[in-house]
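What follows is a set of structures for review.
Consider the two complexes below, in which subunit A is the common component and subunit B and subunit C are the respective partners.
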Partner chain A sequence: MSQIGPIFRALMRNKVGALLIALQVAVTMTIIVNAIHLINARGDLMGRSSGLDEANQFYVTSVGYANDFDAPYVIDTDLGGIRQLPSVDDAVQINAIPMSNGGWSMGLQTKAGEGENSVPTALYMTDEHGLNTLDVELIAGENFKATEISYRDRNTRDWPQSVILTEALAKSLFPDLSPTEIVGQTVYIQSNEPLTIIGIMDHLQAPWTGWTTVNHSMLVPNKFDSPYSRYLVRAKPGQREQAIEQVEQFMKQREVGRMVRETETMTQVRMDSYRGDSALQAILWTIIVVLCIITALGIVGLVSFSINRRRRQIGTRRALGAQKADIMSYFLTENVMITSVGVILGIAGSIALNMWLVSSFNLPRLSYIYLPIAMIAMWTIGLFAVWGPALRAAQISPAIATRNV
Partner chain B sequence: MLVMNNITKVFRTETVETHALKQFSLTVNEGDFVAVTGPSGSGKTTFLNIAGLLESFDDGEYTLDGRSVKNLNDKQLSQLRNEKIGFIFQSFNLIPDLNLFDNVDVPLRYRKLSKAERKERIEHSLDVVGLANRMRHLPSQLSGGQQQRVAIARALAGNPLFLLADEPTGNLDSKMADSVMSLLEEINQSGTTIVMVTHDLSQAERAHRHIQVLDGQVTEQKRGAPELATVNA
Partner chain C sequence: MWLYYTRLAWLSLKRHPLLSLLMSGAIALGIGAAMTTITINYLMSADPIPEKSDRLFYVQLDNWSPNEPYDEPNEPPDQLTYTDATALKAQAPAQLQTALAQSGGVIEPQGLGKEPFLARLRLTHNDFFTMFNSPFLYGQGWSDSADEAGDRSIVLSKSANEEIFAGENSVGRTVRLEGKEFRVVGVLDEWVLKPRFYDVTTGAFNEMEDAYLPFKLKETMELPNSGNTNCWKMPEGEGFKSFLTSECVNFQFWVQLDSAQEQQEYMSFLNAYVEEQKKLGRFPRPLNNRLTDVMGWMEHENVVDDDAEVMMYLSLMFLAVCLLNTIGLLLTKFSFKTGEIALRRAVGATRMQLYQQQLVETVFIGVAGGIGGLILAALGLLGIEYLYGDQVKDLASLNLPLLGIGILLAIISSVLAGAYPTWRTCRIPPASQLKSE
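Entry: the complex of A and B
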């Protein structure tokens, strides 16, 4: 039975309570839409591929303390031994761990000289085992040769002649060339040092997850001559825990004047890297849930008050022939109408808040798919909240109509 | 049309048992105008509530338009109230947020009549009570007597089997009360059965029959039109 007309006219004559509920729905929807948008934006960020085989990788840190600590010897023999371990697929010394938020960055340019435009990139030093250990694929060109690998230390200024770039970085430098055509091109580091691109790899994230050019990475054929050394190890599929145990045991049993410290899986690195984002998501979800509860309770309170105020009116309706279902239907319809006003205001509020967030904090623009979802959510919350009071209203005896209080 | 045989109604609390109606019997025939009087607590309102299917009873038999109401469920009782009974309340019980048209429309909507038929009925019944020109007014814009006329129009709009009036002049001054009683008399003369509960003996005397209730039982009956009603108490 359609009761929309009389309900609408009755609401128009008694606007305050309805307007309060509508405003509450509007504010809740505005916040929820943008909160979910932020949660999903963070989720997208957190869900980006690093390019690694994270489930099977970990790194271990070695710190030399002996006066006669011979870093190149220890590094070469460590790697040689680690690569022989039965649960290890490959290993490499690396200067920075992807997603760890600590590493090296440089600028590359296509023309030599000061003042030329440069493109920022993360720099990873690896040997010829780098590609396999990182689990990145070459899409053009070739890997480093073992003979190309050299040691460098903090004072080394020269750069090796060959580099491997990620496709994103290569496209940024040479937007008009295909990966195959980019191989063999020269780029310049530190303004004038030429590097020849010998390979293009598919994808490897920089160490800084919040970096705008997070997909710009390059490999250089260097090892780092330092007492402080990090080995990235890739275990055979499903054997990471055994590999950690075997690598730590192998390194600790070697008496080369160093300590073995800090083994961390790439899974942990990812979790640590995105801990802030995860916390933000949790906070936003909490806000959403609390807001929904507050809105639902607000509706319950106002509807209960409204029903108590209209007990005789409800009894009269029952006396005049309204069935319990009619009374339920009346309050549910009334709520849907009020919520709909709130939802319309909420759509405007959601878009306005998003525009402000976009302009003020450079956040991504709102996807409009959230709006119908939020509308359905608001209607559901409204109906859920009004159901109990409406059910109680339906139980009001028609005999109340004849009571003269 | 309305037959009550040995109706018993007991209100129970943990400590008190109140017999509101005891072996109450009454028959109302078509076209009758019955006034029910009695002191406060005599059982008038309980009778009215049971007659109007607003309340259940504990024992006895109540037949409305040839149909026993004893075992009807809430939905069936609501339908029966809607189709057979027109209520007139002491406090008018108009819905303050709805105009006169929408107020009269309330019971008709529950009957799922077409919009056109509802409109015709509303306009006709408001015309009968002399308020057709004020159908867009709110109840608060009317006098008490006019509000009761709207309530009468609402009761009439559904073409009920009978009108059940609960102190219809109880909240009105004597002039307005007389006007409302005259209207009820006109309605009765046009063939509508009326059962009226009242405190006012002078109003009761205007009915065809005057039933007095005391301690939940009919104690006296006076006949204005004896061929139309029988009483068994």
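Entry: the complex of A and C
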């Protein structure tokens, strides 16, 4: 520690060089802190549960085009056939696929009338097989009965009587009631049409992963009379590939005047939905790694040169009795001093950059836990980089002091 | 003389090959990262129709609920109702104007082994092709009378024509779409708009449509809605008709206005139209009509992805780190050469000459870094394409102006990196360094 004074004075003779390393450390830390923060924020988004049994589910689209295409007949016989297949657990027609970013939303209100406060929710139309196919559990109330399911088409304006809500949606509508108390309550759709809540399910995401109320979903006991129809299929555990093959084969061999579009697994749907997020993560990781390497190499280069320049002084110090460890610790201490300046600037930079990102791009605010972690990381990188050159400096023979260049 | 400087620089660089590599490598990485992200941002924010983007205007009318705006603060909806889209077209005060809607339908190509396919459809008026400079390979858009009557005329994209007619001139032939026969009136040439500015409501970089049909068919064939449909109150009454007469927005509208005066006149027309509708009990909100030109609309719809912008700023900071790195290394390296420089000064070289000699060395590093950077940028763009897939199709490629930006960036970077070290080295007084050693 007694070395700090002389090291500081020596540094002051090459202010610019030291300042450059410090600045480099500062900017590197600024980028790393904000990049890691972004990576984690996206990781949190991607880590949210959809509520599904994604590994075993897939969907397939059927588009009827024949003039005599009879949608309800085809849908009912398709579903009947698919449910019989040996590798299939269950299947439903559904109007929107979770996480696919396309779907239908409506507002629900607890009081009837226009202008009343309304809570937005996604709408999934399924039959009584919906809960099992989606793999969501009822926590209160009951499932739809087969007799309750009705067909609707795009011009249908009225709604069936009973609905099942996610717990999150139920809580937003009735913050003071427990799930069992909410069962049996009435909510209003399209301002005035009453719906009875017959069940509360644990969790099911809306189709839009970026939606602020992504946990608000509602099941409606409807099938959709349209030539364009999607079936969500849940395979028996581990039999997804066989199920896809069997479902496609079954549907294609039926001659009912429709085309079968390619199957997409829920794993693919999730990947597509979060593709931008995982790509951003990959890019930011690359930037972080390359940045650390560049900063480390820069320090190696600068220190090596300054050691070369000071060979005679080092030799002289050794000749006057300095241990190898003294020489090592000289360079390590010098590095820690420079890095510390950089780290302090880096804290300011990180916070400033984050504030700017928050205000310009609506990104989440930085959690301060990243700062000490990044500081330790920067010191480690600095010491790691300086270790090799310092070790070589310590090997300089004392005899060099007596030589002329 | 420059040749001599070049040789000197080369010798100096060769004396420390690792260090030279590190310096130009750092610049290359910085430029590579910066160019990759600049390219993406440049292409995302590019003007899709530069020859007339300031003369094409997107129309917004505020038919929303009296209780709340469509979007805070007091933004009108980003689309129109069917009622308004057809009325604006029917009254047609401007020379060119068109309504647009997305739809979809099954096309059944005739012939053995040809599978039916689901086609992306664009419902529009014939002004569309004139306004947006669509390139025709065969034929042309449909007639005004086809627009009014809602004839089953169709314009195919190049790829759809290849799929259905193997690329032959199909004008006059028929296509089966949604179970109905359509007459082909035109086939487009390859046409890609990035962004597809005329409808960005479901994503600015979506693919172009497979076929274009007269707008009126929406009503007569009851074609399905695609894209976003937003309603502040539910359609009243039964049937498809009730949707078309409802306050639900699902339609876009563009108008071409060639002068400021035409713009003013069109705006007064819109205001008069809304006032007229208010008398019928529609448009409960205060007058809030908008006319926005292409680039203004792209800005309003936030076409450049926030992630792309954030990455660009981070990579510019990354470039800054690389430059700081190179400045530091050059400084140290040059300070090592003080003896040599002082000697040269002592034997008669002017400061200017020395300055030039050092500059040649930094330019070497800069050029090497620039070339390396462009190669890395090309690799980086391949990586982006791999990571994002179809989302960035045609958005991840270098073109001539971008290469220019890249080279400029490399030169500025190396001059920035070299200027201070060079200047400082050349201030050494002659002979001062000769004494000690």
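The working rule: the second predicted complex is superposed on the first by the 391 of 405 C-alpha atoms of A that agree within 3 Å, B and C clash if a C-alpha of one lies under 4 Å from a C-alpha of the other, contacts with A are read in each partner's own complex, and residues count from 1 in each chain.
Convention: a residue touches a chain if its C-beta (ideal position, glycine included) is under 8 Å from a C-beta of that chain, and two chains touch if they have at least 3 such contacts.
Remember, predicted model here, so these are calculated numbers, not experimental data.
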First, second, both or neither for A:L20, with subunit B first and subunit C second: second
Winner by number of subunit A residues touched, once subunit B and subunit C are compared: C
First, second, both or neither for A:A322, with subunit B first and subunit C second: first
First (subunit B), second (subunit C), both or neither touched by A:A10: first
Partner chain(s) touched by A:S397 [first = subunit B, second = subunit C, both, neither]: first
Subunit B and subunit C contact sites that coincide on subunit A, given as residue numbers: none
Interfacial residue positions of subunit B with respect to subunit A in the complex: 45, 48-49, 52-55, 74-75, 78-79, 81-83, 87, 89-91, 93, 95, 97-99, 102, 105-107, 109-112, 138, 154, 158, 166-167, 170
Partner subunit A, residues of subunit C touching it in the complex: 19, 22, 26, 29, 33, 67, 104, 106, 108, 115-118, 178-179, 224-225, 233-235, 238-240, 242-243, 305-307, 309-311, 314-315, 317-318, 320-322, 324-325, 327-329, 331-333, 335-336, 383-384, 387-389, 391, 420, 424, 437
Sites on subunit A touched by subunit B in the complex: 1-3, 5-6, 9-11, 13-14, 312-313, 316-326, 397-399, 401-402, 404
List of subunit A residues in touch with subunit C within their complex: 16-17, 20-21, 23-24, 27-28, 30-31, 34-35, 38, 63-67, 114-115, 154-155, 157, 190-191, 226, 228, 259, 261, 275-276, 278-280, 282-284, 287, 290-291, 294-295, 297-298, 301-302, 305-306, 308-309, 353, 357, 361-363, 405
